[in-house]
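Report on the structure given below.
Order as written gives the chain letters A, B and C; numbering starts at 1 within each chain.
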């Protein structure tokens, strides 16, 4: 199955490579798989066709932040859960709120998170998110103490099945739940981009 | 780890659940709070901080967040904080800071305001509090939204099927120049430059020494003339002869001739009996 | 896709479960995946059909000692290798020096190697080179102990892309100082490939 690769052969190889790779693979990485140089368009077409070939299966080919990968569809999760009843632990609200501040307002310092949440941020929380590979230090703020600036990682996006930060759910409109309907229109000076 | 993991789902407990702590819908008591004593600890766990507690109080009391009744809010908030302190619950300092802030806002609102600034909402002592409450509410909802996104490992699995490692174990590759480098390293380490000089010529001699030894080992002994292959050319004959002489000199091969003009044999050297290992 | 499961639905779930499992799954484990109790024969039939569905792909469903698993076919190995180029293994300095002494000074005993290198030669080193088929015992030196004499093999030459030992790189000071240019040419039975 060497040199003059046709589309079907490329798809056949891509399928095996993607099914056996432990992480998502970028277009550049997938290109490296082939001895002959394949065009981006050709490769993308092969991937799109492969994705469509798997349309009706319980596994799907998706494009996330760090590339293409196969993953199970949510509908088979109950079956998988019966096999492995152990699930990753749910994070506490404190963790999720910290993550939300970092995700939506990055880059932020721990102090920024504390200002918004109104409570001190336990360092265990930051460590848990770092260990999960969801946040990382991207720099330091040039103020006294040079606090670390946190941002979310590609893996965060990838683990949440997203390609980019812009695919995060839009921030809830300020005060929708709190402000009586009539005053809502007055308050919303800035349209939320969603 | 209780800070990190969602233990007992306490974080998601709505106040309705809290009410059940004592089987009473105390959350519906609008103004005069009755706080079931055991509920306080749950409250501490259920609220993420003073902002969270304030938001709940505002909602429970149907206060307009943009026009907060500061005295009602402050009174209720302080009642909670005092109750918690009374029970000697470990109260985060932020709760006390917030109490002080509420009291300050309340007192500033009692002061007469300069008339022309009345319409300037920036001067409303509550403005900063409202901004923070709104921002926090937004964060809370955003966090909930993030938590509902499908998550790898929880709602779907990524794949990584087995790759059989049946391909032969990869062996180190060695290039001729690596040998040269290795030899160079030996020379550098020991000062043996003078003793182990080897050129191409000597190398061919050594190659023939190996060849002759192999031949004799297989054949046991061999006729002298069999050790040479005239087809290889004159220089090859010379080198083969040098190789044989070297083998004899190194006492690796014995040359035997039973009588003058009889065939000459070469054989693997036999050590003197006293040299044999036991 | 719950209760009355037909064969296609079972195959669909089995495929997702097997593709997402890190190890092989036994029949008993696969049975546990389904809420309804499936017969062994039914399950086996589904697996056999699934295996046959994958017949022409670069990934195969196989039954190994501990159960069923998907795995890549050997033919995709070169593609996977290009994706994750492993660092080529290297021989230690001790092995390389031993090999160099045997190559340049053959036939030599282990004692000779030790004399030249100035350190003891681990027997593992000798064994490694023998197992590689690069050195062999060509005789024994008739001194007390009758130590084995080592020489390089034809395979050594062939693996290093050499026709004869004389094609080994000359040691610099000799090529330059010791051998007169004309005798160098005489000695060269085989033309120098450069």
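Throughout what follows, contacts are C-beta pairs under 8 Å (C-beta built on N, C-alpha and C of every residue); 3 or more make two chains touch, one makes a residue touch a chain.
None of these values were measured; they are calculated from a predicted model.
Asks: Which chain's C-alpha centroid is most distant from that of chain C?
Replies: A
Asks: Report the chain closest to the protein's overall CA mean, measuring from each chain's own CA mean.
Replies: The most central chain, going by mean C-alpha position, is B.
Asks: Please tell me the distance, in whole Å, between the geometric centres of chain B and chain C computed from their C-alpha atoms.
Replies: Centre-to-centre distance between chain B and chain C: 28 Å.
Asks: Taking the mean of the CA coordinates per chain, how far is chain A from chain B in Å?
Replies: Each chain reduced to its C-alpha mean, chain A and chain B end up 19 Å apart.
Asks: Can you work out the whole-Å distance between the CA centroids of chain A and chain C?
Replies: 38
Asks: Please set out, as single numbers or ranges, the residues of chain A touching at least two other chains.
Replies: In chain A, residues 19-21, 59, 70, 72-73, 80 touch at least two other chains, as defined above.
Asks: Show the residues in chain B shared as contacts by 2 or more other chains, in ascending order.
Replies: 157-163
Asks: For the complex, which residues does chain A have touching chain B?
Replies: Contact set of chain A toward chain B: 19-24, 59, 69-74, 77, 80, 87-97, 99-101, 103-104, 116-120, 122, 124-125, 128, 158-162, 168-169, 171-172, 174-175, 177-180, 183, 187.
Asks: Help me check something: in the complex, which residues belonging to chain A touch chain C?
Replies: Checking each residue of chain A against chain C gives 1, 12-13, 15-17, 19-21, 25, 29, 32-35, 57-59, 70, 72-73, 75-76, 79-80, 82-83.
Asks: Within the complex, which stretch of chain B touches chain C?
Replies: Answer in residue numbers: 157-164, 166-167, 170-183, 185-186, 189-190, 192-193, 196-201, 203-204, 206-207, 209-210, 213-214, 216-217, 232-233, 235-236, 239, 250-252, 268-271, 275-277.
Asks: Quick one: in the complex, what on chain B touches chain A?
Replies: 1-7, 9, 11-12, 48-52, 55, 58-59, 64-66, 92, 94, 98, 132-147, 149-163
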